[in-house]
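In what comes next, subunit A is part of two complexes: it sits with subunit B in the first one and with subunit C in the second one.
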Partner chain A sequence: MNEIIQKVNNLSIGFKSKKGEEILILRNISTNIKKGETVGIVGESGSGKSTLALAMMGYVKHGLYTIGGECEFNSSNLLKMKNRDLEKIRGRKIAMIPQNAGQALTPNLKIGYQIDEALQLHSDLKEEEREKKISELLNKVRLPSPETIALRYPHELSGGQQQRVAVAMALAGTPDLLLLDEPTTGLDVTTQAHVLELLNFIAKDTGTSMVYVSHDLGAIAQVSDRIIVMYSGEIVLEGPSREILKKPIHPYTYGLLKSIPKLSLAGLPQSMPGSQPQPGTMHRGCSFFDRCDFSEEKCKNNSPQLEYLEELNTSVRCFNHKSLMNDSQVNQTVNEIKTSTQDKEILNLSEVSISYAKQKLLDQVLNRISDDNPTVKDININIKKGETIALVGESGSGKSTILKSIAGLLRTKGGIIKFDQNRNLSSDLKERDPNDLRIIQLIFQNPDESLNPNHTVEEIIAQPLKLYFGLKGEELKKNITDLLQKVRLGEFYMSRYPRQLSGGEKQRVAVARAFAAKPDIILCDEVTSALDVSVQAAVLNLLQQLKEDFGTTYIFVSHDLAVVRAISDRVAVLYQGRLCEVGPSKDVYQFPSHPYTEVLLGAVLEPDPDIKPKLVAEDIVEEKPPQKGCSFQGRCSRILGDICKNEVPPWQLTNSGNSIRCHIPLKELQKDQIN
Partner chain B sequence: MLFLIIKRILLGLITLFIVSLITFVGTEILPGDACTTYLERQAFGEQLEACYRRLGLNVPAYERYVSWAVNAIQGDFGYSLSGEMPIKEVLGPRIKNSLVLASAAIFIGIPIALILGIVTALWRDKLPDVAISTVTIFAMTIPEFISATLLILIIAIWLEWLPGIVIVPTDVSLLELLPNIILPVIAIAMIMTAHMARMVRSSVIQVMASEYVQMAILKGVPYWKMVFKHVLPNALLPAINVVALTIAWLLGGVVVTEVVFNYPGLGRLVIESISNRDLPTVQALAIILASIYVSINLLADLMTLMLNPRLKTLQIRK
Partner chain C sequence: MKLDNIYQEEKKSNFAKVSEIIITMASRPSGFIGLSILIFHVILAFISPYVAPYDFKAINPTLMLQAPSAEYWFGTDDLGRDVFTRTILGGRTALTITFFGSLIALLWGGLLGIFCGLVGGKTDDIVMRIVDAFLSIPWILAMLLIVSLLGTSTEVLIPALGFFYGKGIVRVARAATHDVIAKDFIVSARARGHSNFSIIWNEIIPNVRDAILVEGAMRWSWMLLGFSSLSFLGFGVSPPTPDWGLMISNARGLMSFAYWSVIAPIVGLSSLIIGINLTADAFAKALGIDRSTKAPV
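Moving on to the complex of A and B:
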């Protein structure tokens, strides 16, 4: 256990800027990876964590170069090794599991071939033995019918399956060290929990050392024995995972843990101000100085060294760690959200169904809808003014589809969408007049794609103001500055282009653009998914503040149940385009609940090594909703029998106003099936 | 899949129909017609009438279009005006000559383009790339009439190695034609190769930067195996369409080069028949060139579809 397998020594990696300055991505990193241990490397985007993981394989990306230090594996420096020798180590001794398996598998080669390639390179097995081994490996990562999977192309598998194939490929060379670069980030909550469980099993089963790189403390908490926290290219905290998570003695980790929304706590987490400095920013003092709540005068000009604390077995880079040590636990304080829900109904969806199926010519002529099994069906939701309602579910649950229909991007096939009790929005989209378009605004997941890169912030925000209100000149300018102020951006941002802003700032601009139209309803489509945790908390707080100021209604789509818990008044759980449960959020997160809600809640990863995810159902991907019966029948672990297969379940109302659509009686659902 | 092919073929036929209509209407609108051109100053009275009758120009336009179209489908494009011989016979050797020129350029140019493109991409920013890229950009920017003239000056006039212009009859045998085509082929291949090499280079560079190539490297796949298995199949797929367009361009007659070298191909025929106001031949050429473009693009699309597993399944699922 104490044998060191990889030794990173004083490693610095960087690039030359256009002016010829040396800009550091990694600064003097030293750490050891021991045999059989799993080390989590955590940090926000731009902290250098991926660069470090790749360096551990002797790989430095195009454009970067090693400035100093070494990565020693079996006492030879990988960074100085010839490619020919590296080829014998990569895949055989050290293997990588990439972030996005969909992109990392070669599109024109079959799954079986890609695994076989690794076997050919790193084992002496004969062809027949290799074939057997491929099936074994695919079986080990729990893929159904390995023989058929091996014959498929990568794009024919789901995201979770692709990730499993990547794991199988990495295991083909029986490596001593596995490097995992955000291996579960693009996956659904349930799939993520399953993949992590699989990785834990493999680590125990094979005794492989793992380096797990992620921005997600929840995932890190589940797998790692030791945690390294990186900030701005430096290690700021390193130690056993329990100590780090329970007693974070570095202000950055402390703030990070506080900014993560938790299932057990309603209300918005506190955000950390500011953002990570860009690489190349010169600072004499501590790189975290600007954002630190515990900073002192000496932090400004003196850079703290990594200090090893014997009693905690932890290294920390902070002058002030002692004061945090006494602060013991992370006492999470949340900002209670005030409900501003009014009695007035603002949006009503009744019997809404949406289909992506192409209409046949005959049906088009007769103007009828023939798809009897549409993607989204039977959606009945009443939304009150000032309410925040969240739609949750895995990918393919239809949550974004419903959002698109409300926004007018997608035509409904049946049912009625009514605004303010009288305005019918479900008729043909072209019939929506400018005012109908103004009252509903969208904020998208990825501000990189939703903001025009050739427009300045001023032009972006001016557009809705000109379009809906015809503002000009001074008045227009005043409105823009007011809006920027509302989203806490200074006036000097007006002339900036989106590429000059950080992720959080871009999303603020997107928020400002949505509010510029003075809408009644704002549709938020995974608005915080692309952001770092500390920034996510800030954006959530901002949205809440704006809602209280303007009395806007939010329809919030997210796959992150903890975020939903933090911000929403009411939650609607969707599976395969059908509602499973609708109710006040505090009730949805408690029993009794729909079996699918239980599955989702069980899979949430909390940044606490003592709370393990509970895996209730298999993470099968269903292509289409079932023709009849309950939509969740295919994966339900509490299925009753034929009644679930043949009859659409009834709505059952609990005392607290929670509606659950299930055949199982409420009394039975009350029991926690896991404990 | 089959449905898709049929659909594409039908679309191609519709395109051809529209092209034929446009050329027919175009030639109708132009002032004057075949007989006035042919008879010149005698174009009046009895003689004009007789000419109209002989060429069948006295019937309404739509009837003439229908009969022309029916004949054209059977390969009969009527009579050329200037030579007073069947267009079929005029076209035959010209098509053959253009084919010879095009295939020579293709067989020499495409492999060279692929190799140059791949080499420059793999040695990106290193000496081979800088050297080859400079030359290809140079070759791309010089207009073909200049490079062709220079070739004639240097190789034919100063060195006297090869004939400078083609002065063989149109229907000469392949063997006799061969020494004559070397210079035109070089002139065409230069510009074509340069364009394609640049295209292949950027495509390979793009794939080399992809995550799956990084993954293959991290998997320990040896360099050349990675290049041939993981990079090239994915990088060359988009090149198919460019190659197809180039081939169509070559077959359609490289007008400038053919004129400079006096080469008896389709391109020169286009120029000749336009300047002679030989409208039936222009019509026939338009429809033939259009069919070449349509069919080669169709072939390229089908090939991409066959070779790209992603598109294949998508189409079948639909």
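Moving on to the complex of A and C:
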């Protein structure tokens, strides 16, 4: 257990800027990976965590180069090795599992063939042995019926299954060290929990060392023995995972843990101000100085060294860690959200159904509806003015589809969308008048894509102001400045381009643009999932503040139940385009729940090594909603039998005003779930 | 929030942007050579009527097919005209006609491509099939038909060349638009209710402009070759106006004993085409369209 297999010694990696300055991405990193150990590397985007992981297999990205230090594997420096020698190590001794397995697998080769290729390269097995080994590997990553999976093409597998195949391929060479770069980031919550559980099992079973890179402390907490926290290219904290998560003695980790929303706490977590310094902008002092709550005068000019504390077995880079040590139990305080829900109904969806299927010509002529099993069906929701309602579900649950229909971007197949009790909103964008369009605004998931890269912030925010209010000249400028102020950005941002802004700043600009139209309803499509945790909390707080100021109604789509818990008044859980459960947020998070809500809640990962996810159902992916009966019948662990398969379950009302659509009586549900 | 100077980049005036692009282009050897050749040709086209040593149409039977000498630098042709004079004047018509021709190609090809990309559906299908149909017609035959019906005047040549070379730009512009169209900022503009015109003008053009401009520059050099082929076949510039294509055509039979009367226009034509190609490449790289030169991080 104590044998060191990978030794990173004083490693610095960087690039030359256009002006010829040397800019460091990694600064003097030293760490050891022991045999059989799982190490989590955590940090915000741009902290250098992926660069470090790649360096561990002797790879430096194009444009970057090693400035100093070495990565020793079996006492040979990988960074100085020739490619031919590296080939012998990569795959056989060190294997990598990429973030997006769907893109890492060759689309036109069968799974079995691809694993066979890895085996040919990285093992000495003969052909017959290899065949046996393939099913053995697929079995090991718990894929059902390995023989059939081996004959499939990557696109025939779900995201979680593809990730499992990637794990199987990495294991083909029986490596000593496995590098995982954000292996579960693109996956659904339930799938993520299953894959992590598998990785845990493999680590124990094979004794392989793992380096797990992620921005998600929840995932890291589930798998790692030891955690390395990185900040702007430096290790700021390193130690056993329990110590780090329970007693974070570095202010950055402390702040990070405080900004993660938890299931057990309603209300918005506190955000960490500022953002990580860009590479090349480091000053003399501590790189976290600007954002630190505990900083002192000396932090400004002296940069702290990594200090090893024997009693905690932890290294920390902070002058002040002693004062943090005393009160470092993370006492999370949340900003209670004020409900501003009014009695007036603002948006009503009744019997809305949406289908992606193209109408056949014959059906068009006969004017009949061809698809009797649409993607989204029977959506009935009343939304009150000033309310935040969240639509929750895994990918494919139809939540974004519903948002698009509300915005008019996607035609509904049936049902009515009514605004303000009496105005029908046409499902065709062209038939809506400008005012209908103004009252509903969208904020998108990825601000990189939702802001035109060739427009300045001023031009971006001016668009709705010009379109809806015809503002010009001074008045326009004044309005833009006001809006920027509302989203806490200074006037000088006006002339910036999106690429000059950080992720959080970009999302603020997108928020400002949405509010520029003075809308009644804002549709938020996964608005925080592309952001770092510390920024996520800030954006959530901003949205809440703006809502209180303007009385806007939010329809909030997210797959992250903890975020939804933090911001929403009411939650609607969707599976396969059908509603499962609707109710006030505090009740949805309590039992009794719809069996699907139970699955989702169980799979939430919390940054606490003591809270393990509960895996209730299998992570099968269904492509189509079932023709009849309950939408969740295929995965439900509490399925009653024929009744679930044939009859659409009735809505049952709980005492607290929570509606659950299930055949199982509420009392029984509650009894089962609490046990 | 502080941003360091390497990330700092304030909004620049258009003039500053253009000059920065030209400086970047010239900082690469190939770009420098291309730009120099192109600028040389353009300057020559402007000043050649004033610096030409002889009259380009002065026929002198006593001076037929003279070899290059101190007096006649590039020798004389079969009618005793000075080849040097005719060579430096020979690029003017071709350069002017193809320049305006590519502008027209750029304009209609670019706008139609963007429109098709944005609208999609049946309109897109129909327009693209028509474009495909035209692409399948050998352009030189079609050009010959047009020229023989309507004559070889500049007013016919410029739009005809512009039309034939714009077809390819339609495809490029449409593909570039497809890249942009899926982005959320277009969805957002649609959801706000902007008109198609406003979406094209404000959201799409700034993002596809670079790709279309580079494509236009490449088309320019092809069009130059095409135009010279027309002249070579006798359908471009009419004699006695000096033109490279025409000069090559006239002198090609004499190549075995009076090589100078062919080589001079060939060098003129190919150097201009190489110059434009190199410039277009450097332009693409300066705009960052070439992926391999993108800065790290």
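Observations
To be clear about the criterion, the second predicted complex is superposed on the first by the 663 of 675 C-alpha atoms of A that agree within 3 Å, B and C clash if a C-alpha of one lies under 4 Å from a C-alpha of the other, contacts with A are read in each partner's own complex, and residues count from 1 in each chain.
Rule of thumb we're sticking to: a contact is a pair of C-beta atoms (placed from the backbone, for glycine too) under 8 Å apart; a residue touches a chain by one contact, two chains touch by 3 or more.
The shown structure was predicted, so the numbers you read here are calculated from the model rather than taken from an experiment.
After overlaying the two complexes on the shared chain, residue contacts for A:98 are found with subunit B alone; subunit C is out of touch.
One of subunit B and subunit C touches more residues of subunit A, and that partner is C. Of the two partner chains placed by superposition, subunit B and subunit C are both touched by A:62. In the superposition on chain A, A:407 makes contact with subunit C only, while subunit B stays out of contact range.
Shared-chain residue A:88: touches subunit B; no touch with subunit C. Of the two partner chains, neither subunit B nor subunit C is touched by A:255. When both complexes are overlaid on chain A, the residue A:155 reaches subunit B alone and has no touch with subunit C.
Common to the subunit B-facing and subunit C-facing surfaces of subunit A are residues 62. Chain contact summary for the complex, subunit A toward subunit B: residues 54, 57, 59, 62, 83-84, 86-92, 95-96, 98, 100, 103-109, 117-118, 121-122, 153, 155-156, 166, 169, 173.
Here subunit B touches subunit A in the complex through residues 209-223, 229-230, 233-234, 237, 307-310, 313, going by the rule given at the top. Contact residues on subunit A toward subunit C in their complex (touch as defined above): 15, 17-19, 21, 23, 25, 61-64, 274-275, 277-281, 290, 407-409, 429, 432, 434, 437-438, 440-442, 444-446, 449-456, 463-464, 467-468, 495-497, 500, 502, 505, 513, 517. By the touch criterion given at the top, residues 1-4, 6-11, 183-185, 187-194, 198, 202-203, 206-207, 295-297 of subunit C touch subunit A in their complex.
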